[in-house]
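Structure provided below as structure tokens; questions to follow.
Note that the chains take the letters A, B and C in the order they are written out, and that residue 1 is the start of every chain.
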Amino acid sequence: MAIELESKIEGLLFYKGEDVTIKKLAEFLAVSEASIEDALNKLDHSLLARGLVLVRKDDKVVLGITGELSPLIEKIRKEEINKELSKASLETLSIVLYKNGIGRSEIDYIRGVNSSFILRNLLVRGLIEKIVDSKDSRKILYRPTFGALSYMGITSIKELPNYEQVSLSLTDVINQNENND
Amino acid sequence: MPEIISQYKVKQGTFEGPLDILLSLIEQRKLFVNEISLAEVTNDYIAYVKSLSEENRSINDVSYFILVAATLILIKSKSLLPNLDLTIDETEKIVDLEKRLKIYQIIKNASIDIKNNFGVNIIFTPVDRIWSEPMFLPDPSITIVNVTNCINDILKQVPKKEAKLPEIQIKKIINIDQIINSLTDRIQNAMNISFREFSQSHGAGDGDEMKVHIIVSFLAMLELVREGLIDVIQTASFGDIEMNKQVLINNEE
Amino acid sequence: MAIELESKIEGLLFYKGEDVTIKKLAEFLAVSEASIEDALNKLDHSLLARGLVLVRKDDKVVLGITGELSPLIEKIRKEEINKELSKASLETLSIVLYKNGIGRSEIDYIRGVNSSFILRNLLVRGLIEKIVDSKDSRKILYRPTFGALSYMGITSIKELPNYEQVSLSLTDVINQNENND
């Protein structure tokens, strides 16, 4: 009996221990990206109530240990975990989480202060990462990392508290002004 | 109408920025974010900014607070002087501040949930896990020259301590108290003085400096209005604000 | 819903990636060894037709990848070996070379980004190694391997150009960070 695609993905992600792009998975397993997507959904389902979870973000996936085991893992971990978030970090991280891809000037605009120091801090902590804006290659955007999702104990951005509602109201407010112009 | 001493004291503790304090002042009053509530909190906001410049807070920080104060003063002036004509630019600034505050409010509320969930149930990935014994796998790029170039680039990019000099220069420009004193003197000497004339008489140089100057003068003027020292009269023909020594000084406090 | 014991074991073994004794598992999970044995049987069963397998040897267990995936894993491994060193890896290696015995958070601060995965990569490639901080046993420090030094044609880091001076500047940067906290 040939092993199912989702089990192959599981083994592969288990081996890697870090995030892998869907594209790379398709390449390794010599199947289409659509088949990978399909198999990932199956894997996600088969991991329910198990010790492992599939975390997905943008075009990448990673296998992690379910958040319910967090206290146990923390106990056996050697390095200490920094759970502190200053007010400024919390504010900035929230903006990056709910906007998922936002430039520094927009962050400064929302916060009303310069955020470069805080952004660097969040980068160093591995909670956010820089990407190049697909619409403008000169522009740098910030988005949350897998680390940020991990700390929140969620497997996708959509699981953020009140994600839909917060995104909608943000869009509403932003558009509201444009209509006024 | 004399200003009532505010019952809404700014809570102790640092605020992350002008929007943070502004929102907190509005929420203390259980108001919605709009022009009316902004006008209502203007005095408390300015009192807070004044206390900031007295503290040893970075002037860079304070300048952000002052920029927002300028817009607030526009809003407040509009509510005090209904026939005050605002330029398109000024109107946009008011709409923009309202919008920013609304965005900030959404983020602020969402961030409470983020805080409550952060680090509670962490999904760990086995970053520390390494399969098998390490295998020595060098790369041709590992050369003394490359490594030296790399480290020099890194040292160049490392964040430096903030330069102190420019801060001192800005400090001179935006000392609110100084301007209040100077304004008081001017009023005692002359019965009438136009705001525009006043703000120009400080002889600020380039455009940016000028802007900060006008803001601070405006702030100072508003402060004096609040303290009942002067009247603010809008003369429609000039579109400028005239300042007179108040005829009846009804309140010594 | 409480998570089942077998799922806890699964998560724990996934995190460790090395064999763990039944005794140690019982200790970590605060249950009897008999319960562990029982849960291991269940886990073994639930892993059927999946990408992972439970390997038992004497009194130890380890979570591994099913043998059917060996060709795939071999392929990935080969690719990893042939992969050239990234710019970020070289950058990180340079820091470890010039600041012998440096912690991860210090490296992160100097680079302005999180370096966890890069450090892992350098460890796997045998270019750096972990040591325990003599001042704080909870802290892990990194230093270059002899292999890395001899590949560069030197026998001691002191032979690196401007070693003393660069090392001092790096120390300055780190101290500056600590003062900021």
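What we mean here is this: a contact is a pair of C-beta atoms (placed from the backbone, for glycine too) under 8 Å apart; a residue touches a chain by one contact, two chains touch by 3 or more.
Computed from a prediction, not measured in an experiment: that's the story for all the values here.
Set against the C-alpha centre of chain C, every other chain centre is closer than that of B.
In terms of Cα centroid distance from the overall Cα mean, chain A ranks first. Interface comparison, A-B versus B-C: the higher number of contacting C-beta pairs is recorded for A-B.
Chain A and chain C have Cα centroids separated by 22 Å. The mean-CA centres of chain A and chain B are about 33 angstrom from one another, to the nearest whole unit.
Each chain gets a centre from the mean of its Cα atoms; for chain B and chain C, those two points are 46 Å apart.
Chain B has residues 124, 126-129, 131, 159 in contact with two or more other chains. In chain C, the residues touching two or more other chains are 14-17, 111-112, 116-117, 120. Across the interface of their complex, chain A is touched by residues 1, 3-4, 6-12, 14-17, 28-29, 46, 49-52, 63, 65-66, 68-69, 72-73, 75-76, 104-105, 108-109, 111-114, 116-117, 120, 138-140 of chain C. Of all residues in chain C, only 14-18, 81, 84-85, 90-91, 93-95, 97-98, 110-112, 116-117, 120, 123-127, 129, 145, 147-148, 151-154, 160-162, 166, 169-170, 173, 176 touch chain B in the complex they form.
Remark: chain B residues 14, 16-20, 60-61, 64, 68, 92, 95-96, 99-100, 102-104, 106-108, 110-111, 113-115, 117-129, 131, 159 touch chain A in the complex. Chain B contributes residues 124, 126-131, 134-139, 141-144, 146-148, 150-155, 157-159, 161 to its touches with chain C in the complex.
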